[in-house]
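Going by the order they are written in, the chains are A, B, C and D; count residues from 1 in each one.
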Amino acid sequence: MGNPMAKNLMKHGYPLIIYDVFPDACKEFQDAGEQVVSSPEDVAEKADRIITVLPTSINAIEAYSGANGILKKVKKGSLLIDSSTIDPAVSKELAKEAEKMGAVFMDAPVSGGVGAARSGNLTFMVGGVEDEFAAAQQLLGCMGSNVVYCGAVGTGQAAKICNNMLLAISMIGTAETMNLGIRLGLDPKLLAKILNMSSGRCWSSDSYNPVPGVMDGVPSANNYQGGFGTTLMAKDLGLAQDSATSTKSPILLGSQAHQIYRMMCAKGYSQKDFSSVFQFLREEETF
Amino acid sequence: MGNPMAKNLMKHGYPLIIYDVFPDACKEFQDAGEQVVSSPEDVAEKADRIITVLPTSINAIEAYSGANGILKKVKKGSLLIDSSTIDPAVSKELAKEAEKMGAVFMDAPVSGGVGAARSGNLTFMVGGVEDEFAAAQQLLGCMGSNVVYCGAVGTGQAAKICNNMLLAISMIGTAETMNLGIRLGLDPKLLAKILNMSSGRCWSSDSYNPVPGVMDGVPSANNYQGGFGTTLMAKDLGLAQDSATSTKSPILLGSQAHQIYRMMCAKGYSQKDFSSVFQFLREEETF
Amino acid sequence: MGNPMAKNLMKHGYPLIIYDVFPDACKEFQDAGEQVVSSPEDVAEKADRIITVLPTSINAIEAYSGANGILKKVKKGSLLIDSSTIDPAVSKELAKEAEKMGAVFMDAPVSGGVGAARSGNLTFMVGGVEDEFAAAQQLLGCMGSNVVYCGAVGTGQAAKICNNMLLAISMIGTAETMNLGIRLGLDPKLLAKILNMSSGRCWSSDSYNPVPGVMDGVPSANNYQGGFGTTLMAKDLGLAQDSATSTKSPILLGSQAHQIYRMMCAKGYSQKDFSSVFQFLREEETF
Amino acid sequence: MGNPMAKNLMKHGYPLIIYDVFPDACKEFQDAGEQVVSSPEDVAEKADRIITVLPTSINAIEAYSGANGILKKVKKGSLLIDSSTIDPAVSKELAKEAEKMGAVFMDAPVSGGVGAARSGNLTFMVGGVEDEFAAAQQLLGCMGSNVVYCGAVGTGQAAKICNNMLLAISMIGTAETMNLGIRLGLDPKLLAKILNMSSGRCWSSDSYNPVPGVMDGVPSANNYQGGFGTTLMAKDLGLAQDSATSTKSPILLGSQAHQIYRMMCAKGYSQKDFSSVFQFLREEETF
């Protein structure tokens, strides 16, 4: 994700100072004349507006608070924007540490895949001090068409996690429903049409239907290639579970959705789009 | 439901022959000059187009195959339309018995509440022989604005059950998600807005939000009065469960939704709208 | 099951009158000089103590109430014992029909596999009029070492279904727990030992452990061959679900167990022992 | 728990150096001539065998790694035993930090309530370097009748968490099963007897039956007073969930059990024994 996001910043005329744990990932930018450095703290020494995109909470902690982390050399007044999807409790902790150094940390997780990143059509859900939102919006607006202010630090993560939990639940629900309807003799296209004009309607039924043959241009039409991988959904559901456990919020279906995507990862669906839960529910044909 | 449906038939000029197990329910029609009889078989003796609306599978079996049932005296060529929500296997069985008597049975469960029944805006999902659909549509069109042909007999029930199962799953999912988001510090109206422009969007989040204060004119704005009762949702989920068990279709979230609505019935929510699952999940305030 | 049960009756000196839908199944008994007839009603014409063992509720209804069923020619005062595992509501219905004919129907589902059937060590759970229990016990005692009176007709089924539901829940629970413990670094034999001396102890952990290498002489030690098949467990859980739905009893884990065994049937585990749920939960090794 | 544990050490002749965040909790020991200090680091300065019992992972981190924590002044060669029930990942982390200071950390969570603590009959599940187990056993043996070595550091926690997860699953399963059986017409005592001689048998059915009237001397016989509180079970299931999420182990029923106990906490059952799940499932009588 970082690559197309950085390119959109370049297009808008921002000079870049870049770091990635995999030096190869930076080569393209070096060739284009951008500055590549060798640690997060080096970035912090040279820039006062920093955007990070990392896969897990642990990576984010390392990048900010690690031995060579951003907070080691962050300048006073710097704006730190983390676009990773991580535990909101970690975002809050990093914001506290940044504040001690006189910097401002905002969480701004991103929604939309690599395609949206390329075309600058990502959605950012932003949490942090409201006064700084305009400054964050200026940068994030170069990469996304939708920049939403969600509230105090951590609420960007919260909004992202909440959306993906409801998405997972309605996707599994759609898959179960379509499968049951088909077994009861309904034509899948007709069933989708009926649901979509009734109270069962949801994004998973009307924009991303998991049943092959119902819609064009979605992963189910392409053997569940592309899209949003099952392993990523399982990760986000793990974050939802952690947040629910620590806030003591009951999530009966959310927990179950987490376990179902966990099972799918164990059974060979990791790299398929998360709508492949329809395939997971189906009777296997060869035994 | 039968009362406003019958009135709409009257408005369209159809003479009625009426039976109800509770004679009082017929009085209004008798006073208006319609013919009231004393058993389902009496109706069958006098009419060749019969519409039934009954609360359970057992009631439907009794009305058709019972000692004084319609099939005892049904005329050859009669059209029998059952608008009850019942087990699709029962609809199929009744169709077979009707066929033996030379009559045609169609299932046409109805969606929409008493309000829609009064204004003639119900949706009918119709299963049965396609050749007879036009005849059914002529009658049902007097009572509903939407008459959908779903396929062979039983598929009307199947479509209704499928829609309501997905509805229950997305309603519980919406309630869990809104509750989690609120506990994580999000404003409920803002969270609903974010979900509704993202992939978590569903009818329960954008048209019937279960959180008080988010939308006007929905049961959550009125202490969960009116709407679709928890006990009716539990009944429909029981039908979904029965159909899934007999067709061996896995419904992991559908089963869980059934159990959650069952628990709610046990805990005093029977008469509240099914969106009160949000209230059920919330921490109680007094202990 | 019927074969070894019938042989044990022969061993105790009872003459047999036998019917099976597959005539080949009777040949062995014919060769041994027993009488083979061609329909259930023929049995009823000649015998006044009849034992049935059938795979499903539908088969039982056919055998008793079908066109050539037992009740067509049952003698007054006959004792009818059904050892099928079926819906208790069906048992009650058959008992009512038998009573109309002056006969007594008892449900007596059986627990224990083919091995226990051969050695006469089955357990029978018997429901029906208490006065007739002694007569039933006399016959069932030839085939089982344990004949338990459970109460009114249908309660034999209820006890069987309840036991198997709790068994399924604790087996899945044991499999999840053993798998989690192993991933957390515990030796499986040691973990089983700790559970078995603590409050996690259950039959599935101490007598039928699902993890290969923990116990000898159980299906997990033999690639999940033999034992009680997943497809049979799924069937019994379907009966539990039906009973729970019709009595409006919440079974949150029971429903989930049902769905898990249903998924396993869809994924190639039908013929394996039900303890193979441990294998189902494990990460697959080849992808 | 700390109070009766400390007294048993006294009885065995060990002099004590005591710290508690609530000074009042230490008064009794001060009066008895034991030494009371004012921070964990003070304990570490004076003692080389330290036992901690704390309610949460966060408290344990504070006590060991906090500003005045044990590790600030721990002596080389000290033996640190933590009897808290916490996340095994935290135990591992603390062991690493202790090792850097030349000390040995072992996790030894405890099973059994206040009664067992008083009578010295606790069970300890111990994780850590095997060479040090004998030294730990010497101390723990004063407080518990059962000291089990589980493996590397963290496995004591793992064993405790695993046992309690299986316990929660079988308790809910037992409650659902007993409730279903009763609604199907079975006598609860008889049903318990049948389960306990069959494959449904578990500790929750045979030693701690949740149905009032089935057993004496258990919380269900005393309005669910005493025993192991629902809120504590919910906490342990949260730890199981965290461990399962981080090790990517599917726990379909374990997750559901967590959510059910979470719901019960939200609905007024926090302080009742965890077997009160039977009451939670029952139809309420007044509405």
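We adopt the following convention: a contact is a pair of C-beta atoms (placed from the backbone, for glycine too) under 8 Å apart; a residue touches a chain by one contact, two chains touch by 3 or more.
Chain labels with UniProt names: A, B, C, D = 3-hydroxyisobutyrate dehydrogenase, mitochondrial.
All values reported here derive from a predicted model rather than from experimental measurement.
Looking at chain A and chain D, the chains in contact with each of them are B, C. Compared with chain B, the chain whose C-alpha mean position is the greatest distance off is D. Taking the mean of the C-alpha atoms as each chain's centre, chain A and chain B sit 38 Å apart. Taking each chain's centre as the average of its CA atoms, chain B and chain D sit 49 Å apart. Taking the mean of the C-alpha atoms as each chain's centre, chain B and chain C sit 37 Å apart. For chain A, the set of residues that touch two or more other chains comprises 248-252, 256, 263, 266, 281, 283. Chain B makes touch with chain D in their complex at residues 256, 263, 266-268, 270, 281-284, 287. Note for the complex: chain D touches chain A at residues 234, 238, 241-242, 245, 248-252, 255-256, 258-259, 262-263, 265-266. Residues of chain B touching chain A in their complex: 88, 111, 123, 125, 146, 148, 150-152, 154-155, 158-159, 161-167, 169-170, 172-174, 176-181, 183-187, 190-191, 194-195, 197-205, 207-208, 240, 243-244, 247-254, 256-257, 260, 281, 283.
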